[in-house]
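When the chains are written out, they are named A, B, C and D in that same order, and each has its own residue count from 1.
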Amino acid sequence: MPREESEGVTQSYLDLRQKTRERDRSLRDKVMSLEEAAKLVDNGASVALGGCTASRTPMAMLWALIRARKTGLTVSRSIMSTEGDLLYASGLSTHIQTSWFSQGIVWGVSKVMRAYTESKRATFEEWSHMAMGLRYRAGAMGVPFMPMRSMMGSGVVDRAPGARTMECPFTGETLLLVPALNPDVALIHVQRCDAYGNAQLDGLTFMDIDIAMAANKVILTTERIVSNDQIRRHPDQTKIGFFTVDAVVEVPFGSAPHECYGLYEPFYSHMDLYAQMTAKDPDKGAADYLERFHYEPKDWADYLSRIGMAELLDAQRRGSGIYDD
Amino acid sequence: MPREESEGVTQSYLDLRQKTRERDRSLRDKVMSLEEAAKLVDNGASVALGGCTASRTPMAMLWALIRARKTGLTVSRSIMSTEGDLLYASGLSTHIQTSWFSQGIVWGVSKVMRAYTESKRATFEEWSHMAMGLRYRAGAMGVPFMPMRSMMGSGVVDRAPGARTMECPFTGETLLLVPALNPDVALIHVQRCDAYGNAQLDGLTFMDIDIAMAANKVILTTERIVSNDQIRRHPDQTKIGFFTVDAVVEVPFGSAPHECYGLYEPFYSHMDLYAQMTAKDPDKGAADYLERFHYEPKDWADYLSRIGMAELLDAQRRGSGIYDD
Amino acid sequence: MTTESTRATLTESPLKAVPAYTASELLGVMSARLLRDGQTVFAGVGIPLLAAILAQKTHAPGLTILFEGGVIGPFVEAGKLPPSTNEQRCTRRANMLVSITEVLLMLQRGYVDVGFMGGAQIDRYGNLNSSFIGDADNPKIRLPGTGGGNDIASLADMIVAMKHEKRRFVEKVDFITSPGFIEGGDSRAKAGLPAGGMFRVVTDLGIMGFDEATKAMTVVALHPGVTPQAIKDNTGFELPVPADVPVTEQPSDVELAILRELDPQRLYTA
Amino acid sequence: MTTESTRATLTESPLKAVPAYTASELLGVMSARLLRDGQTVFAGVGIPLLAAILAQKTHAPGLTILFEGGVIGPFVEAGKLPPSTNEQRCTRRANMLVSITEVLLMLQRGYVDVGFMGGAQIDRYGNLNSSFIGDADNPKIRLPGTGGGNDIASLADMIVAMKHEKRRFVEKVDFITSPGFIEGGDSRAKAGLPAGGMFRVVTDLGIMGFDEATKAMTVVALHPGVTPQAIKDNTGFELPVPADVPVTEQPSDVELAILRELDPQRLYTA
């Protein structure tokens, strides 16, 4: 790819520095509501999602953005699950960058993803899993690209905007360079953080640490807000630093119906219900689902009520089970 | 620098893969003595040290290598403190790669380092601190270089073998590429690990995680060996994985007279004694020090005895103090 | 389902002691046997994971399993198979958890011996497609895409487990999602992939390898009761069966019992 | 020591209420005043650290301190100053600990407003030398080297605190360890360093800045009692003092008391 074509894929260093310089990166209270946080995301923004597949998906924040009728987002994530369907179906995004996009292996290929991409109403821009990770990592490190050794020789690389090979000046080997991804906004759901945005993650961290460093704005949703004193007692457990964070929203069960490590597993019956609703007529099914679970609920508790108390208790019991032995 | 000159700085990918393939990377008991572990280090090997300055220095392992009269090592570390002096003075190494080399700011410039480098008996190859980190990181990632944005325009870059600038194909910016460092052996001291080499570090991790991934052999010394069951209870606390580790040696106070986070702070009086011994005649002082503390002791406990019980208790009290509030 | 039941019946006929098994169970058992003790295997969910655990519980107790969610050396509990390799169930009693990027970089650094995945469509040179059925610009079906597949296939020795059907074994895949030997010969290394490559393809009919020079797929063993004609009937390209091709030993009671205990709801072995 | 005591005596003379202070204390106070609330500052050990804590305790409670050992937002206890920025004492009640490489990458990513270090030798364009006195191939003195200095100076806006002596303020440093504006003008950006650069040099004589076009050092303020002639006498190159140069306000009782409480053994403020 000639350099002109990759412009816009990677931002210039001075632009990136300037954006970062303009942010208030001080230790300050950033607690706000979902509705207030939604205002921080502009239509058309590039947005990275933390978590992976059905784990620590920032579902509550997406729910708030869908309810705020945002549009035109370019959304990236390591792997997309049902939240990807909802992005398309709600009009929040028609452009998704990821390595894999379906509900999850047990449910088969996503009917909604197929309906939107095959009709060309939406784009699924495919990168290798590691390429996604290294694009965020380059962004996190403040360099315009990362060298890597996969994706070459495949059809994926030909369709990946900005990926290019180089001859290594040290070894003569062929390497692939993938462009840095510095999203405008990152949405990340965590088990706990303080009011300043110091987040301590349990279990799998996926690509979240790099995403937080790479983004030009970070919105954290959290199962609970803890004191800064508690964070400071174990500073080596802080995985996302306050200096990257712009908003903190406390939302219990903020990943439902997906899981949050150590707290709740996926709400499987609800995931089955979703698959069932979208199986026959994906467009109508997704629209009905959005209506019932996203637009109609008066608040997040109402959303959870509609998923159901028994479901919630079951998911929570299974979630804490990881610590049973 | 033309490519020929950087050959030998970075190994070819197939060589690196082959070396890794030949290692027994299975989950197996790797516990051995310091003396046995010393046999795993060949004369002339390139060796990376974990820790930084006076923190988590793999002192016991270096002590064992000095006693085994090893020679010709090329030794790299983020920052060198008194262990660097001892490497030179013992003949273990005449080639050190690091970003800063002295005993520590309060003691002034190292007389031993000066004596050896100014007389050209030994080399202190200087890289920027981040360059050292990114050289290990490139090695850890299995790529031949990392791009970075410092060191350019300085005298440091001109004397750093293999560092070279490139024009970024995405942005047209000037970047520095630093060659991967995949040491033959890494020596890392940790608070605890299991018999397989799963290590859980507390506090500062310095460059240790990248070093362990980059090296072609890893020798862990550890304050104590814990069960694999204990490791598996908190797998998200494992920072160095068993699959990179080739030897595990239990050595209490294995960083003395340097510190080990949460367990003991530096043995300051002993560090003062060392500074005093090497102040006037660095050659003789270092030789005397080695004789008294490295060659003469019958074992590691004897070494610690010579440093002194009161010193040890004081260092330990201060060390645990980090958790007092 | 028909094909599988037929084959199970077939293998039952000679000796009544022979247990019945599904095609998926056969795949699981045959794949497990290819894994060696002490290896590190990057396993996808489904048959690969089942096979890896089966290997651990039989001949390879020191097998290290990796999941792309960032999990190193886990123990998966019977009856608690994860729905993907990115959920907490994958992490139970693991030795180490790392980020996704780190676990994939282990492949690049060379710490992984075997990559082990399922396949939707494969061609003569072991290229895999999980992205598009039909033309990529106007696909008949948009599939979920590469996930970790491309990175695993690019950087490790590969075992692929899949159903042996003509529509899946094609002359040329519609799209190379995960590279095998690309166009054969040295084309893989020339593309920038000097390490790794296809090692074995395990199907319900047999075990396939790749010619050392041409890198074209070839049969290295047939499962009990499978004829060369069955291979021909179910493959969309010329797949040579050597005259003296060995026959695999059929799944044992122990192997099948372990598989069934692992997946009592038959999520992956039905 | 002589110079410092002399100056302290000088500043005492007009009003008896004025406290005595050492050159190091003066450096600490004057540097602290340059830091603004809400900034993130990468601080070296010694005067920079003392000044950063002093700023936190006076006008900049929301100042975030970083140490190159991998420490973000620590509280250093009075009387427990660390011997370097890589020991556990640096981590007390920090918000976050990361690897060395990560904390340095924060500079590269642009998360750091100010780098703050001491200096051994500096030149007209703010280049710093901490590697060699004399020729690098045959040095008279081999100094400890860059540490984090090169990375900090390459990537952040810099404040340097050092003694003002002719042998330290030289026309051209023997060796550029940490780049300032290199050869002035746009030579820094051309070398590959488009961001950051020297902001202020604080000495016991005054505060220096850099000309916007030429990037040559210039005096922006003198400390109380310091004459332009004193600058001339103690600088190895032509360092312009504007006619209307302002005079800094001398250290207050509060500032000095805090400094002395932080460093009761006078490790860095003697």
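Definition applied: a contact is a pair of C-beta atoms (placed from the backbone, for glycine too) under 8 Å apart; a residue touches a chain by one contact, two chains touch by 3 or more.
All values reported here derive from a predicted model rather than from experimental measurement.
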Set of chains whose contacts include both subunit C and subunit A: B
Comparison of A-D and B-D (more C-beta pairs in contact): B-D
Chain whose average C-alpha position is farthest from subunit A's own: D
Subunit A and subunit B, separation of their C-alpha mean positions in angstrom: 37
Computed distance of Cα centres, subunit D from subunit B, in Å: 30
Between subunit C and subunit B, distance of the C-alpha-averaged centres to the nearest whole Å: 41
Multi-partner residues of subunit A (at least 2 other chains): 13, 142-143, 148-149, 173, 175, 203-205, 236
Subunit C: positions in contact with at least two other chains: 71, 91, 93, 97-98, 105, 108, 194
Chain contact graph, described as a line, ring, star, complete graph or other shape: other
Touching pairs - complete list by chain label: A-B, A-C, A-D, B-C, B-D
Complex contact set, residues of subunit D against subunit B: 45-46, 68-71, 83-84, 86-89, 91-93, 97-101, 104-105, 107-108, 131, 136, 139-148, 150-151, 154-155, 175-179, 182, 187-188, 191-194, 267
Interface residues, subunit B side, partner subunit D - complex: 52-55, 78-79, 98-102, 104-106, 109-110, 113-114, 117-118, 124, 126-131, 133-134, 136-137, 148-156, 159, 165, 173-176, 203-210, 259, 261-262, 265-266, 268, 319, 322, 325
Footprint of subunit D on subunit A - complex, ascending: 13-14, 16-17, 20-21, 24-28, 140-143, 196, 198, 213, 228, 231-232, 235-236, 238, 241-244
Subunit D to subunit A touching residues, read off their complex: 37-40, 62, 64, 71-73, 91, 93-98, 105-106, 108-111, 113, 194-195
Subunit A to subunit B touching residues, read off their complex: 3, 6-7, 9-10, 12-13, 142-145, 147-149, 162, 164, 166, 168-173, 175, 177, 179-180, 202-205, 236
